[in-house]
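Here the chain labels run A, B and C in written order, and each chain numbers its own residues starting at 1.
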Amino acid sequence: MGSTEKIKIESLTYAYPFSDKNALENISFSIMPGECVGIIGRNGAGKSTLCLALTGLVPKFFKGRYSGKVLLDGEDVRQISYEKLVTKIGLVLQNPFSQITGARITVYEEVAFGLENLGIPRDEIKQRVEAVLKALDLWEKRDENPFELSGGQLQKLAIASVLVLQPEVLVLDEPTSQLDPGETKEVFEIISQMKSQGITIVLVEHKYEMLVEYVDKIIFLQEGKMIAFDEAEKIFSLPEIDEYMVGEPIYTKLCKKLNLKNSRGYYPVKFSEAVGILREARCGSDR
Amino acid sequence: MDLIVKVENLWFSYKSGKFVLKNINVSFDGVSTAIVGQNGAAKTTFVKILKGLLKPTMGDVWINGVNTKETTVAQLAKVVGLVFQDPSEQIFKSKVIDEVMFGPLNIFRDKQYSYQMAIEALKLVGLDGKVNEHPYDLTLSERKLLCIASVLAMDPKVVIFDEPTIAQDRYHIKKIGELVLELEKNGKTVIAITHDMDFVFDYFKRTLVLHRGNLLVDGKTDEILQREDVLKAAGLDTPYIFKISSSVGTVISKLFPI
Amino acid sequence: MRVLGLYVERDTPVHKLAPFTKLMYAVTSTVVTFLFPSITVGILFLVLSVFLNTIARVLKHLIALLMVVSVLSISIFLIQGMFYVGNYTPLFSLLRLTFYKEGLLRAVVLVLRLFNMISAFGILMLTTRPSDLIDDLVRRGLSPNVGYVIASVLQIVPQMLSTATRIIDAQRSRGLEMNGSFHKRFKAFLALIGPLVLGSLLEARERALALEIRGFEARTKRTFLKDFSESKR
């Protein structure tokens, strides 16, 4: 049957109301089911706007000038019924604190909130909430007030509240920006779990060293335009990365300085590969 | 060298009674220092005490010879500047220049002088081209730089940063790091709270590790960040630079001098 | 204080009653004491409310609430006792002030009404979680949006207080004086109010997004995780 792309964006151009600049300009790409795609770019490049566009919140919530299409399983995101959309695609934002509804006083009820809205039968709600809380290691905290949780636990709660709706696609906009290294690792482990369950994932991140270990491809944005959409090592070897000062994994930078490429002709982006290449180089010229 | 900040036998607890900071003894004097620790190690509490916003439950903190218990926060603002984490919890003027002048006007009073200081600070952070813009027309990263400028404009001897790299892109992390080096060159004492270990390695000569309110270690960044046992105990990670070094077997840090 | 409200956690039959039932009781008992200003009716309902509060084991808290209006009650006695228009029969005098029978009796009715209202609503407030009350009302037809607004205010106001503290800290760090002349304090107020309001609006916007993502606007019939009709006797 026709196209099997999970997400397809066609010539998407968008500007926020009262803005003369396009936040996104002529973006086109496709993501296959089960793929994990990263989005990188400087602050202001349009990464968050793209996340909102994937879920239809742009233009639903933000109006503004919109042209082009965002298709989920072949359907325009603006046409999909709200109830269906909510169970198809979920979004996790940067700030753990502003994702709690504030209307529920225990973690358990907070996670159940979404399911209550959708009219899911009570028994199923209980089943699903318990499963998700246990999977994310929040079951012990189920009776606590969300506002008493730490930043890292709150972010897990936000992910749990969205996962419980069993979306096929999950978009995460800098989920670890407020978290310390331990909490960051936990979130990436959850992402890895979801990946193995076949959920299509789109992830905006600045922590490149961790990002490259989990994504299949990366979208590189700059000032609203898509500079490239490719495998991580190809992206970080582009001259535009240096030109726009986007940064790269630390060991990639090291290899760039030493001009060490891998067998495919690109600078290595994964830790293990970089270590291998550096070891080889060291054996060549001893200090 | 003059000990600008001296902390003696500091113990602190909020009203609930449990001590959040225990027996801290440390001094700062012009060497850029990073304070690292997990979320919840009481790092922010510590710098609030340095800033005079909180008073020690036991022990003393001396800023430039003055005991923080004997002066006001506004007075201390002349010597110690603290850049808070969230720009939106501070910005309230409608022009960049007004926002940056707010601090200086409070402590210098003189409008002309305050204006000068504000412009210099904006130059230092690279925002001198946006003097008349509305702060909320700036990007998130620029707003952070704006907050930094508004503290630098007060010309404090000590500049403290609370998690300066959160939500910043790599470019701005570098910019902030370079600013730290510049401030150190100009004789300022820079202290930063952070859990970004690579940022610490690149820009700070000295590192303090806090864990559950205790000062675990205090020493040269180079040495401290290699001690996996200490970092692990504090819930932290070694910087990627050292991860590579230990995996490859060379002291890679020699390629990235501070 | 993490949540605004007077809820006291207990496990009693009164706690298990449907919030709406308790609300109806509170409203009815208040209305009745207004319609029938007799001392007998007042005492009857008061005894009933106190009894219910006792079963709910929140009597201590109720007394604390009643203490709040103790000053008001005393002043009612004083004013009605001395100045009520229908005063005719002097009862006693204190410090050259005369207290009349009619006034004092009227005062008793008024104070009983007051105590009654507090005790009846006390049962509601002390034994019901605000979020449960709102849930029950939403189930019976209150717009979910209104219900959400009320429920979130109860949690978000304490949050705003801690944000306000951080804002004050930030501004004080920039040399802002909090005490002193009116001019100074007004300046301080401006430096606080701007970021607080703007921050709250921005946060409200993000929260609205979060609600949207979690299906809040779904037109399907909502499920209520807690069903009070189950525990109704």
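What we mean here is this: contacts are C-beta pairs under 8 Å (C-beta built on N, C-alpha and C of every residue); 3 or more make two chains touch, one makes a residue touch a chain.
The structure presented is a predicted model; accordingly, all values stated were derived computationally and were not measured.
Asks: Over the chains that touch one another, what is the least number of steps taking subunit A to subunit B?
Replies: 1
Asks: Count the C-beta pairs in contact for B-C and for A-C, then report the pair with the higher count.
Replies: Per the contact counts, A-C leads.
Asks: What chain lies farthest away from subunit B once each centre is taken as the mean of the Cα atoms?
Replies: C
Asks: For subunit A versus subunit B, what separation do you get between their C-alpha means, in angstrom?
Replies: Once rounded, the distance between the two centres reads 30 Å.
Asks: Indicate the whole-number Å distance between the mean C-alpha point of subunit A and the mean C-alpha point of subunit C.
Replies: A distance of 43 Å separates the two centres.
Asks: Would you pick out the residues of subunit C that each touch at least 2 other chains?
Replies: None at all.
Asks: Show which residues of subunit A lie in contact with subunit C when the two form their complex.
Replies: Its residues touching subunit C are 55, 57, 61, 82-83, 86-87, 90-91, 93, 95, 97-105, 109, 112-122, 125, 145, 147-148, 158, 161-162, 165.
Asks: What residues on subunit B touch subunit A, complex-wise?
Replies: Answer in residue numbers: 38-40, 139-141, 166-174, 195, 197-198, 235-237, 240-241, 243-244, 247-250, 252, 255-256.
Asks: List the residues on subunit A that touch subunit B in their complex, please.
Replies: Those in contact with subunit B are residues 41-44, 94, 150-152, 174, 177-183, 206, 208-209, 245-251, 254, 257-258, 271, 274-275, 278-279, 282, 287.
Asks: For the complex, which residues does subunit C have touching subunit B?
Replies: Its residues touching subunit B are 163, 166-167, 169-177, 190-191, 193-195, 198-199, 202.
Asks: Spell out the part of subunit B that touches subunit C in their complex, as residue ranges.
Replies: Within the complex, subunit B contacts subunit C at residues 48, 51, 53, 72-74, 77-78, 81-82, 84, 86, 88-93, 102-103, 106-107, 150-151, 154.
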